[in-house]
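In what follows, chain A forms one complex with chain B and a second complex with chain C.
Now for the complex of A and B:
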């Protein structure tokens, strides 16, 4: 017979083993992606497969930077950053209006979020024709505007929920204490929603970062994003696995950085909200 | 000069008429309590004064100027909210300093002002903490500190003590009253608690269904209520109301109870009652005006009544005794050892000089 302590230890061990197995399963493709990006062409096609490169080889990256392909990651950063900032700003003030002034009655908020459910492919070609007319194809502004428009319903919906959770007395107190409505939003409502702001902007950023279909149709060479660039490496005769993997790593790193950096605020924001006065 | 003058004020929420024609004038430096049951419009009235709600009709003047169209920040008011309304992401110091900073107070004036307000409220050791680290009583002190740190013309309190336990409530009550004496500012205080109203107010404004039922000094309202409603609202335990009939007795008047017993009226109480002879009125008598009759005492104005005690509620120094007066259940406030057990027969004396008589048709005091 096992003692209670032994049984507890066994259960803990099993749980740990399961967690490690799952982590390995999910991490493996990412590990493989990173490894390919450091391999020489011979190593990539070697059979049996080589689990790690003979030496860290940055040639695959050097090529991307030399040919200027890496600028597409910069393009992705620019459009994702500015469209997120714009969508967060416009979305938050729209959400405030919906939450506090019941703008548009009860159902406007539901209607707005339904706009998010439109499949991108259904609207991308009409928008392409429109953009040709306005000369917005293959421009930063064009892509940023589209991402902003596509993310707005989500931001409005999410932020409306967070704002509704802010006790109205806090705002009234600030109004009495000398704030204008705008100051109330800036000094009280947004700080109260910090966790929500961070979470929502991460999702908004990731959408813009990962988007492929809009960027494929609306960009050519000037502002092509990295997702579009990767497709150029799939050829009729052969696939450039070295470039594909190196570019994928470049595209993955910023998301890692953003999430890791924001997580600090994320956790703090949540714990702040959990024990509010 | 009046610090606040309200004229014919009306406020609607959709089809609900929350404030129905309130006229009110509050002199500078006075502590006024707006009191009434929930839904009587007292909070709405306060919020309309603050500018958090728009007045639908009527005018509000603060310091002689009409403020109907002004946003709250321009009304020269400070307000304490029921749920403290402290910013959880700011330390106590910044919470108190918030109003000063919003009004662009010079930086070097902020710290001494915050410290002085904190000292006044005995929270100067908490300035570095976050609201989540404070107890309910401390939170309320910070909330008050945030209001008094600014020198406003009007200070508004919206049920600030209703979230505190009984002991803290007593403590904060005297704290706020002391603050009022120290600052000498005009304060308007909303509560549903008649004890708070009685103990704190220079003047009570008793509201009912969006209208002022009666306004005046606490003891005036208590001793000379204008209506059955006011008489019943103030005082704990509440006043007893008994249906009686005015009858002739000897050369004077008396009140006949439902069980046929007579309570003689002293001469002073007979004025204006002659024409009510043989009519029904409502007798209002406070529990503290019913006592145990002393042996052989026949003081003028005392009416004797033999009662069987049904229920006893000792409170320590006093005991509340329930019995039947006429056909109605009534409460007497007796000395602790006047009665020993329910079922006991006892001779009670009702002080007829202190009772009120109410017209059952209008519910106004005669």
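Now for the complex of A and C:
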């Protein structure tokens, strides 16, 4: 017979073992991707595959920078950054109006968030036809404009939630003190939901950064993003795995770093604000 | 920064200020969200193809063609099949993981931080990652299968018609189970402790407690999670594109891939417009339900 203490320890041990096994299972593909990027081509194509590289070899990355392929990561950065800034500005002031004045009522709020749900392929097809007309294909402005519009509903929806969390009494006292509404927004409300602003910007940034289908259709060579570049390495007969893995790591590492700082707001961010976490 | 809006505010007054704040965002949404849909509607009644540039209206021919297009309905079926298999697995696995991590466990924050990682990876990258994993020559999966089988095994995961769906679903489940896990973990943590204690005092077993108290409590969050994931799965493109490009043949073509191929590889412009509108209409119903749920949970 086991004592109660022993049973508890056993249960905890089993749970810990399961937790470690699950985490290893989910981490393995990421490990594999990163690991491949440090292998030499000979090692990559060796059979049976070794589960670790012979040595840390940065040649696959050096090639990307030497050939200029790495500029696509820069393109991703530019379009994600500017579209995020624009969407955050337009979205936050719109969210304030929806939250405080119930502008347009529930219908407008619902309409805005439903814009987010339209399948990208259905939007990008007519957008492409229009962009051809206006000469916006393969331009920064074209891509930034589309990402801004695509992320606006998300920003408005999320910021509306965060602004509703700010006590209205604070605003009223600021108004009594002679602040204009515009000042109230910038000096009281937005600073109060700083954390929400940061979390929402990061999500918005990640959505744009990770997008593939919009960039696939709307870019050619000048502003191709890293996700599009990866698919260029998929050949008909053979794939350039060294480049695929190295480029994937270049695109993934920044995202890992950025999201590590926002664990607290993660659940709220991915559940459209429905779960406060 | 304050002067211009202040002047504007004076001109419009407080009553109109709220519209001024909403205006720019709505303008962008109308320009990029609504205008294209209207344009789609117009194009869908024309007869534009790669060789035909005339914009004369040809009536509802494109819509009639929708009904006879086996490839379209098959792509819808593929999408539904992937959703119907991947979503329950993600939900069940996510719930089990959430249950595992609900109670205190050493290193809990680290485990959670690591398990979250697949969610933030670009789907095109996770598709590429799984293409590496499933590679028939030097991928680790065939190697592991070989160890279990006891002999060298070469399974063509992205080519063999019997294996492509398991491969796609594995990648999909890997990337999005953590999403379910996180949401359900938050939901489980929010279950009323006093009710659980009362059930324990009454001598209710684990299953009975789960079925009667926990499940009803987490159902709202579960519904939202399923709807969000269902919507994403309906638009599935990237992972499949990286793994199979819809192949072999058109075996794994999803609706999004079908639309892309029609519009950007076969240039059946007007017909693609009709397809895209069909997709929007089909999705709208799900969106309506999701909206109501999110609003209720707020």
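Everything that follows uses one rule, which is that the second predicted complex is superposed on the first by the 260 of 277 C-alpha atoms of A that agree within 3 Å, B and C clash if a C-alpha of one lies under 4 Å from a C-alpha of the other, contacts with A are read in each partner's own complex, and residues count from 1 in each chain.
Just so it is clear, a residue touches a chain if its C-beta (ideal position, glycine included) is under 8 Å from a C-beta of that chain, and two chains touch if they have at least 3 such contacts.
What you see is a predicted model; the values in this text were computed from it and never measured.
Asker: Overlaying on chain A: chain B and chain C, fit or clash?
Answerer: By the criteria stated at the top, chain C and chain B fit after superposition, with no clash.
Asker: Which partner does A:48 contact after superposing on A: first (chain B), second (chain C), both, neither?
Answerer: second
Asker: One more residue to check, A:85. First (chain B), second (chain C), both or neither?
Answerer: A:85 sits against neither chain B nor chain C.
Asker: Touching A:191, do we find chain B (first), chain C (second), both, or neither?
Answerer: In the superposed model, A:191 contacts chain B only, not chain C.
Asker: Scan A:180 for contacts with chain B and chain C and give back first, second, both or neither.
Answerer: Both partners, chain B and chain C.
Asker: Taking the C-alpha centre of chain A as the vertex, compute the angle to the C-alpha centres of chain B and chain C, in steps of 10 degrees.
Answerer: The C-alpha centres give an angle of about 100 degrees at chain A.
Asker: On chain A, which partner's contacts cover more residues, chain B's or chain C's?
Answerer: Chain A has more residues touched by C than by the other partner.
Asker: Using the touch definition from the top, say if A:262 reaches chain B (first), chain C (second), both or neither.
Answerer: neither
Asker: Once chain A of both complexes is superposed, is A:119 in touch with chain B (first), chain C (second), both, or neither?
Answerer: Touch partner of A:119: chain C, not chain B.
Asker: Aligned on chain A, what is the least Cα gap between chain B and chain C? Give it in whole Å.
Answerer: Minimum over all C-alpha pairs: 9 Å.
Asker: Enumerate the residues of chain A that count as touching chain B in its complex and touching chain C in the other.
Answerer: Looking at chain A, the two contact sets intersect at 180, 183, 272, 275-277.
Asker: Going by the contact rule set out above, which residues of chain A touch chain C in the complex?
Answerer: Chain A residues touching chain C: 12, 15-16, 18-19, 22-23, 26-30, 32-33, 36, 44-49, 51, 90-91, 93-94, 96-98, 100-101, 103-104, 106, 108, 110, 112-115, 117-123, 125-130, 145-146, 148-150, 152-153, 156, 161, 180-183, 186, 206, 209-213, 217, 227, 230-231, 234, 239, 241, 244-245, 248, 251-252, 255-256, 259-260, 263, 266-267, 270-277.
Asker: With touch defined as at the start, can you tell me which chain C residues reach chain A in the complex?
Answerer: Its residues touching chain A are 1-2, 5-6, 9, 14, 17-19, 21-22, 24-26, 28-29, 31-33, 35-37, 39-40, 43, 97, 100-101, 103, 105-107, 109, 111-126, 128-133, 135, 137-140, 143, 146, 174, 177-179, 182-183, 185-187, 221, 224-225, 228, 231, 234-235, 237-238, 241-242, 255-256, 259-260, 263-264, 269, 272-273, 276-277, 279-280, 283-284, 286-288, 290-291, 293-295, 297-298.
Asker: Which bits of chain A are touching chain B when the two form their complex?
Answerer: Residues of chain A touching chain B: 167, 169-170, 172-180, 183, 187-188, 191-192, 194, 272, 275-277.
Asker: Can you check the complex and tell me which residues of chain B touch chain A?
Answerer: 50-52, 71-73, 77-79, 81-89, 98-99, 102-103, 131-132, 139, 146, 150
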